[in-house]
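Naming follows writing order (A, B and C), and every chain is counted from residue 1.
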Amino acid sequence: MAKSALLKSSLAKKYWMAFTGLFLCLFLVGHLFGNLQLLIPVSEGARDQFNEYALFMTTNPAVKVLSYLTYFSIIFHAIDGIILTINNRKARPTGYVSFKPSTNTMWSSRNMGVLGTIILAFIVVHMAMFWGELKFGGLEDTVYTTENGQEVRDLYTLTVKTFQDAEYGLWWAVAYALAMVAIGFHLSHGFSSGFQSLGVNHPKYNGFIRKTGWAFAILVPLAFAVIPFYIHFVLEKI
Amino acid sequence: MNLTLKIWRQKNANAKGKVVTYQVSDISPDMSFLEMMDVLNEQLIEKGDEPVAFDHDCREGICGSCNLQINGEPHGPDRGVTTCQLHMRRFKDGDTIVIEPFRAKAFPIIKDLVVDRSSFDRIQQAGGYISVNTSGNTQDANSIPIEKDNADMSFYAATCIGCGACVAACKNASAMLFTSAKVSQFALLPQGEVEADRRVLQMVEQMDKEGFGNCTNTGACEIECPKGISLENIARMNREYLKASLK
Amino acid sequence: MGTFESNTPKGPLAEKWTNHKNNINLVNPANKRNIDVIVVGTGLAGGSAAATLAELGYNVKTFCYQDSPRRAHSIAAQGGINAAKNYQGDGDSIYRLFYDTIKGGDYRSREENVYRLAEVSGNIIDQCVAQGVPFAREYGGLLDNRSFGGVLVSRTFYAKGQTGQQLLLGAYSAMNRQINRGKIKAYNRHEMLDIVKVDGKARGIIARNLVTGELERHSAHAVVIASGGYGNVFFLSTNAMGSNVTASWKIHKKGAYFANPCFTQIHPTCIPVSGDHQSKLTLMSESLRNDGRIWVPKKKEDAEAIRAGKKKPTELSEEERDYYLERRYPAFGNLVPRDVASRAAKERCDAGFGVNKTGEAVYLDFSSAIMRYGKEAATTQKIDNPSDAKIKELGKEVVEAKYGNLFQMYEKIVDQNPYETPMMIYPAVHYTMGGVWVDYNLQTTIPGCYAIGEANFSDHGANRLGASALMQGLADGYFVLPYTIGNYLADDIRTGAISTDTPEFEAAEKEVRERIEKLVNNKGTKSVDHFHKLLGKIMWNKVGMARNEQGLKEAISEIKELREEFWKDVRVPGSADEMNAELEKAGRVADFLELGELFAKDALHRNESCGGHFREEYQTEEGEALRDDENFMYVAAWEYTGNPSEAILHKEELNYENIEVKTRSYK
């Protein structure tokens, strides 16, 4: 019993959802610290630092393990979410004529599936643009030569140019920001919900978790979203 | 007050149901919602129509029989009350009120607004008890002191009336608030701790079998619960279950 | 067995129950597996009996009209459950509980039964705690107590204002354990419509499946009726809408005597009637009388001004208030027994001092309790020179912790804040002490048919003390019936399974079917509720809190007429083979229309006032009840003969060997 209980039961699905979700929150923090390097002025060697960092992130074995864990979490989180959504739909085959969930729940908590789908779409595009290009893309554009002489794709230039593009740069920034809004909403429910699912609920600490969740849901996506606009408007053109 | 009522009518479990509109007049604001339904039924009987079937019994908010979805919310717009405790002074003259049964796969409709909530009973039969014989050969009641806070929390969990509003309010038709209240009630007491693992595993298994949806922590249940059963109970159940399934 | 013999055991009072248990027949565990028992009703009595019988090994079938056993009306009991535990060290004992109950019942109950009740009361608490019932506790972790009316000790265990709920959930969880084991089969949404007798013994029932309308035959070696009281004969009562007398009445018509039907408890603290639309009344727990003070204005002008809405109760000074219970009964004050408190309220209102629009309400005031608790709280919280507002605030917190749910309930119904303005209350029908006559073994005059809990008459005499109904229900179900029924079933170990394919079942089912068809095909012009309301009016006005010969005679003939009209003119829409709430109600009201007549007849024959039965002709100069022990110290057990008014009276004389019969005084 205990075995299947940790895989198949409704509660198990919650645990996995919470576990992967909270892990992805950690990932977001890490990712953000990487991205913040894009705020360094070009004149202070931002290109070198960012590209070295990118190389480290794609080659270090420990980071590799983490990154596979991240892919797994994203995929599992999404699949688990889809299964849950399907099951939950089945639990009420005939809907109400009048249903007013807005009187008792927050919009984000009811639309985690929609938000999740938007985020997933964003991740696909995001990966294709930066990560995909980095790994599988050719070297025909700008090339960056690392300290030990290896030639890799110049991710810094690619990123900065994308957002500084005169015609589409601002649009990319806006699209990126919208995705961050979706992540913000997703987090506004997801963060504290993860704790609840794992059984962490105590009157003494609930306020703290909730407030941290809100702060996290606002500050992290905001910080992410600021970067493209900074690149577009403030950073010196390259 | 004069009101327009839009009520779900369904002859039996297999029939197709539909919303039927009725008018009622001379409703006093002091009436309870179910007394207003009585007035409607008297009117229907007088006309030779079949009265609307709905569950109700104690009419003082404790038996958990009454269960109407009123204007999109279980037990109507007031908080902390059952349908029978809702009074017409909450509505305005000329209002239109939509009245539906609680809807969930695990609550099949029997007739009109009456649903079958025996799934709740089965969840409790799966383990919602302490296995002690009723022989009376038990130790003195005061031989186990229980921390007041725990006794009180257990009591609050046990005040669940099993009406099903949590399921009705949940967008996923999840029964976790109900089940967790039952799990918590015993898990919080030393008497119930002994078989806590078995209990939570069995009750959750039965809950899943009944076809309830999953909890996505929207919190609608806690807000609509006429007895204010706290989400803390769900977290406690999550904890208890995790603990039990890791063993 | 199954005769009109009380079957009380010999020997000293305190040893009777033990001796009896030692000497009655037992059924061995292997044989119990071959014996079926039907339990009708799943409240505290039925639920606890079903669980215990199943645990002993019998095959149990339970029946309830609700969709789940957990919804039986025991769940609505608020205040608490008595037990002679003496945890408070205030001199309580089994004897004292026994004495208080007999005295509270105005010396009209059977000594042996009451002593047994007091004897097992402590065990109930042990049992419930073991089952996980979360009673209120003190900070030390031990159980808390409070006081109830009619006693001078604190022996009431409670769980806020939801004690009945918690106890019922305890019994229900015990049932669930047995359902899970397959030892109980629960037939919910089923209503018993007749008992089946074979060779004079109860051998089964006819039940209607309330979802499909199907009539079902169920056989058993014994039938236990635990279907509660018949307060709904008054239409308005604190009972649940579905509470009914049908099961008890059906067995009465098949040979079970019905005892003391006129002993009905009118509870003093209910929310007053607000209008004609009212469908039921809501009780405010007696526990409120621990802290609330009952009063009406001293001057009629003030009462009139309040009724007209020109004055507010809070504007009246202490001197302008008449705390009539404290004035009349200084020893017990606001905690006099229910019958006394109810009559006193009626007396004040009849004299023109009522305080709501209809003039039928008195005040229950918490302002002094709020101030008292506030001062206490200020002291413990070390607040020096607290302002009145601060004291009030602290006091309100204490009162809320104690009675929060009741106050909230009141506010929802009346739309007034009882923390700020006194509650309005008025007496309402609440409990019926009368019921099916049973012997010491709880067996009715039909062999193999038992009655437990409120359905029987046995323990409360002419008036029940607060917090004793829960005690009796659980005592009967957990600790008495499971033993005594074995004595009967011991003779049935060779009977084997009972077939339902017999002429007796056939005939009973036919009778039930014909009656249902008659109701459905009647096609009259008036709804069931129309008749029920009329019956309620007759009962309340003429057979209610105060009765007199003329009124009772009128009631008897009016009820008879109403019954005839009911059968001529009732309209039951829908058909018999589906869920049909009107049909269910019609069957129940038809039985009430018969019971009501017997009720009035019983009240008419009892030429005395005792407990809840108050005959205006028999009162002292001060308006207190005047008992006639010489002529009426007996249980009136009525035998059905085909017409309620022609029922034959059998008397079970009551002997008090261990208690001195005195005039009840709470002064």
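By our rule, a contact is a pair of C-beta atoms (placed from the backbone, for glycine too) under 8 Å apart; a residue touches a chain by one contact, two chains touch by 3 or more.
Since we're looking at a predicted model, the values are computed, not measured.
When chain pairs are compared by contacting C-beta pairs, B-C ranks highest.
Chain B has its Cα centroid nearest to the centroid of all protein Cα atoms in the structure. Look at where the CA atoms of chain A average out and do the same for chain B: the two points lie 38 Å apart. For the pair chain B and chain C, the distance between mean C-alpha positions equals 26 Å.
Each chain gets a centre from the mean of its Cα atoms; for chain A and chain C, those two points are 63 Å apart. Of all residues in chain A, none touches 2 or more other chains. Considering their complex, residues 1-2, 5-6, 9-15, 84, 87-88, 90-101, 103-106, 109-110, 112, 189, 192-193, 196-203 of chain A touch chain B.
Residues of chain B touching chain C in their complex: 11-12, 28, 30-32, 34-35, 38-39, 42, 44-46, 48-51, 53, 55-65, 78, 80-81, 85, 87, 89, 110-111, 114, 116-118, 120-121, 124-136, 138-142, 144-148, 151-152, 154-155, 158-159, 161-162, 185-186, 189, 191-192.
Contact residues of chain B toward chain A in the complex are 6, 8, 19, 69, 71-73, 77, 98, 100, 103-106, 169, 171-174, 176, 201, 204-205, 207-208, 211-220, 223-224, 231-232, 234-242, 244-247. Note for the complex: chain C touches chain B at residues 48, 51-52, 55, 66-73, 75-76, 85, 87, 120, 123, 125-132, 134-143, 159-160, 162, 164-166, 169, 172-174, 176-177, 179-180, 186, 188, 211, 238, 240-242, 274-275, 277-280, 282-283, 408-409, 412-413, 415, 478-479, 527, 529, 571, 573-574, 578-579, 581-582.
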